[in-house]
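Please go over the structures that come below.
Each of the two complexes below includes chain A, the first together with chain B, the second together with chain C.
Up next is the complex of A and B:
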């Protein structure tokens, strides 16, 4: 390589988010601790669903590990197809979620990103994100021969009623008893208050980071949010997450002050719906950027603070049930549509891009209706892209390219 | 000002030349395996047919699946936008387009200026496209050009329920084995395309007058099936197959 090629493009360097490296380092440290032999850390490992109540685990000094976050890593590192095929050979249907297939297959092989997840001591499954997790976690509980706790959250199509509250709150108490029994120590309610406060603080900061894209030009895009999301998912309720998001927020505010946008030119502002297409993040990001289209917001990354309003910082445990039951994926189509309409208005978007995700049924089911509702309420163009979050076999480049190009031509 | 539109699709490549908002001519060739070559060839062919030289062409727009591989074009525009412009040129009353090409089908809603308002496309599957019809023609040992007329002679439309091209082919083969009349099977194939396209069109609110474009528009059986499903007459221009290329040439005339 000649010296000329090594010179970095100052334009690109200016737009790079400096906190990216810190984020990578923190996530590496997190996985190193999780993978350190238990005899050294003295900590148990719990596998937990992405929308599960993680805070009580931190209270008990249990390390939470997220198979879904791992599914994203598998997708991003393009190992999805191989692992999905392996799961299909084991007898799982190709219609099953690609995270579930990849995780189930990965448990049986020596490999995968970071050499596989640390083995669990327990599994915590909350069905507020989908129904697939129930069977997926049952399979893993049998495979690893570890106890499984299921938190059943009824779907809140429109409202949360006292019956639901009683039903879920009872289970939260059972959850704590379950943890006490496994750890052989009693639950520290004072510590719960502290962890709860950190969780609320982290969620507020994350929302503030996402809010910075209301600025024109947006200091980041949803592709950056997809990356920085990992912290609020995995380390919600810790000081680490709070500190990190404080510094990320400061960096975003600094970029706004300096007028640094993520795109060199921002002609169109778009909202993204559904999970990312992990194995095509860069391609999609470049594709939209080439059209000067900035994806300023998305329904996915804001999902981790979508029900923050139901949380009472001073009665964290008491309000936990409501917050986890009312996350947007556990609500009806009207509420989901309303959420996007509000985002379009808040971020002044010119269009909405829907990822019809073959894997994620609860997320993708109502999309055609939501598309229609948005067109009726705000009258802006929408685009539907068919793909899958981690199984590349469900992605057709020229099909997606034509749709995106035509959509942008329509916006002109 | 003379402009050209080159539409390189998965099965055929089309070219059209426009002079001062008038269509000078158009032509169609098979794409073959090299879309870049096909674009060049179809362009050379239309130039020689019209006795024009390349230097007389002011602007060129490429469209279709091979649009980004046409290096001599000034710009690439998607076939969705081009079909909208083309349909508006051929008939300004048109408000919706059904375009069925080699590997995909599209429903497009346009305004009075020929601008796209909304569109939907088939997903990755090839059912309900030109390629689907080619596979069926082979299974039935009938020339594809005869499909349209034959299907109009059906007395009892056979039912083809599978959405997958390969499975639909086995359905067709089993219908042949049962002794079902060819005419009825072909009508069934057209009806299945009609159902698929109807769902796509209804989703974006197709409104009359509707024009059908793309190579499959030459098949009267598919047009009739769509008219039945949408319950509206469907206008087919003699330029249906080259409509995308016409639109591309028109858009080229707006380039500065």
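Up next is the complex of A and C:
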């Protein structure tokens, strides 16, 4: 490298988030522990869905591993197409969720990012995010021949009723019994209180981090949130997550104090809906930045604190059922629309970008209605991008580019 | 066969049948989406349970509400509704099954104006005690919702009668399955399919009587079918293509069993007529063969398919899926593998829309029969 290239642009350096490195290190340490032979750690591994209650696993010293987080890694490292094609050769339709396809294929080969996930001792599937995870985890239960626990959280189209509450609450007890049986030890309810408190603390801090973008200029964008999200997903309920988000929040507050925005110029403020397009994050980020459009908030990363209001810190286990059942994806389209309208108002957004994600029907079907509701209620422009979270074959750069350009014209 | 006349007539225009029924009885018509709908409660309320399958018309209006990666049932049903073809409905019932139906329920509730809308949020897992308890509460709630929504009372006597009729219907349909299996010359699969489609639409009392007559007329032996057809089991979601049976038969095959939502999954399982009726209804829907959007153990559907293949001495299996049906597509590889281990050949056919699939299916079917 020549010395000329080593000179860093101080303007760019100033805008870089310093916590990125810490985050990377923590996630590396987490994956190293998860991948350490079980004889050395003495810990069991559970594969769990992103919306599943992870806290009881921490109580039992079980290491949670997230195939969906791994699906994102696969997408971001552009290995999605190869693995999806492998799944298709196994007989899985190319119309199925790309996370599921990639993960199912990955299990059968020694490959993928970080050389594959550690093998599970159990599978924990909570269907509050979709019906796909049920089928996906059934596939893995047949493949790994390990016990599967399903936490069935009835969809709350318009209500969460006492029958649902009774059903899910009973299942939380069944979940604990399931873990006790597998681990051969009893559940420590005192420790549950501690882990519960850490979970609430982590969620609150994460929301506070996301809220810092209410500031103009926004100290971060949703592309940064997509990155820093991994911690609240995987290490929710640990001191590690609390400590990390405390320092991230401090950094954001510091940026605000110094007037540092993520974009050199912030002309337009936008809200993103649906999962990220993992293999085109940088491209999309640059594309919007070039138009001075800042994606200040998104429905996805805020999903992990979307039902915090139902959580009782002092009765964590008792409120667990409601919190996990009423996450925003497990509610009706009109409730999801209200959620976006509120975000638009809170973050003073000028427009909304929808990712119509072929892989995620519960997130994407209904978006056309939400578009109309936003236009009616707040009268701001919206953009629909057709893509997929991990399967690049469903992304047309030229088409997306044209749409973004036209959308920005509408904002002017 | 003249006993089939009534069924053919209903299927030729189910919407017209419902309109006429409404005029004559001044009753209400309740649309519903899958074989998990506890029709017995709708019948007991005095309303007509009307299964919505989509007329197969070209999609134009629904495109403004649903992405192209939704299945033809979801898009077709919404299209029919938006085009006013379902204007006779007084309400709709959405049992919770797959992600697409889940969102269709929201879109339907927000964009159509039928007086009654019910979401039946049944359990997804069906193999635990707490799930059964929850299912019972869902049935109880649906009864109350119907009573409030339609402004009527469902009495236990009325419910018992509806259950009895539904059992009679299912007994007759099961007998037709048996006749087709043992004496396929008496009823063709396309005819049985017509009967099933009509059964999900017709006034259930009228239906029970018509089915009884049909069964009786088929009990007598008739001049045999000299051909020795390949025995096939069909499996998948719902069959929206009536032609499929003719295509299979003209290619030298005979359908001897199916695992369709518009087939055996509708027929199998009876409801106890004594004891707590709501519990009994819940148990039927818990215990009958599962739809892949539900869970009853990780091998439930594969085992069921294999059992039916063996029991019926089938030569092969055809998987018939609607394109974009996630639950079925996820189950396909393992079910295919289970069949392969037993030396049973299979073929997968995905229906994108009814119109364009016929010719393709003909060619694939002929090749598959050759292989058998």
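By definition in this document, the second predicted complex is superposed on the first by the 412 of 412 C-alpha atoms of A that agree within 3 Å, B and C clash if a C-alpha of one lies under 4 Å from a C-alpha of the other, contacts with A are read in each partner's own complex, and residues count from 1 in each chain.
Convention: a residue touches a chain if its C-beta (ideal position, glycine included) is under 8 Å from a C-beta of that chain, and two chains touch if they have at least 3 such contacts.
These numbers come from a predicted model, not from an experiment.
Contacts of A:126 after superposition: neither chain B nor chain C is touched. By the touch criterion stated above, A:368 is placed in contact with chain B and with chain C alike.
Look at A:174: by the touch rule set out above, it reaches chain C but stays clear of chain B.
Shared-chain residue A:399: touches chain B; no touch with chain C. Of the two partner chains placed by the overlay, only chain C lies in contact with A:142; chain B stays clear of it.
With both complexes superposed, C is the one of chain B and chain C in contact with more chain A residues. After overlaying the two complexes on the shared chain, residue contacts for A:102 are found with neither chain B nor chain C. Shared-chain residue A:161: touches chain C; no touch with chain B. Within chain A, the residues touching chain B in one complex and chain C in the other are 368. Those residues of chain A that touch chain C in the complex are listed here as 90-93, 95-97, 100, 127, 130-132, 134-136, 138-139, 141-142, 148, 150, 152, 154-155, 157-158, 161, 163-164, 166-167, 170-171, 174, 332-334, 356, 358, 361-362, 364-369.
Across the complex, chain B meets chain A through its residues 65, 76-81, 104, 115-121, 123-124, 203.
Chain A contributes residues 368, 375, 381, 384, 386, 394, 396, 398-399, 402-403, 405-406, 409-410 to its touches with chain B in the complex.
Note for the complex: chain C touches chain A at residues 64-67, 69-70, 96-100, 102-107, 109-111, 119, 121, 123-125, 128, 130-131, 133-134, 137-138, 141, 292-293, 295, 298-299, 323-324, 326-327, 329-334, 336, 350.
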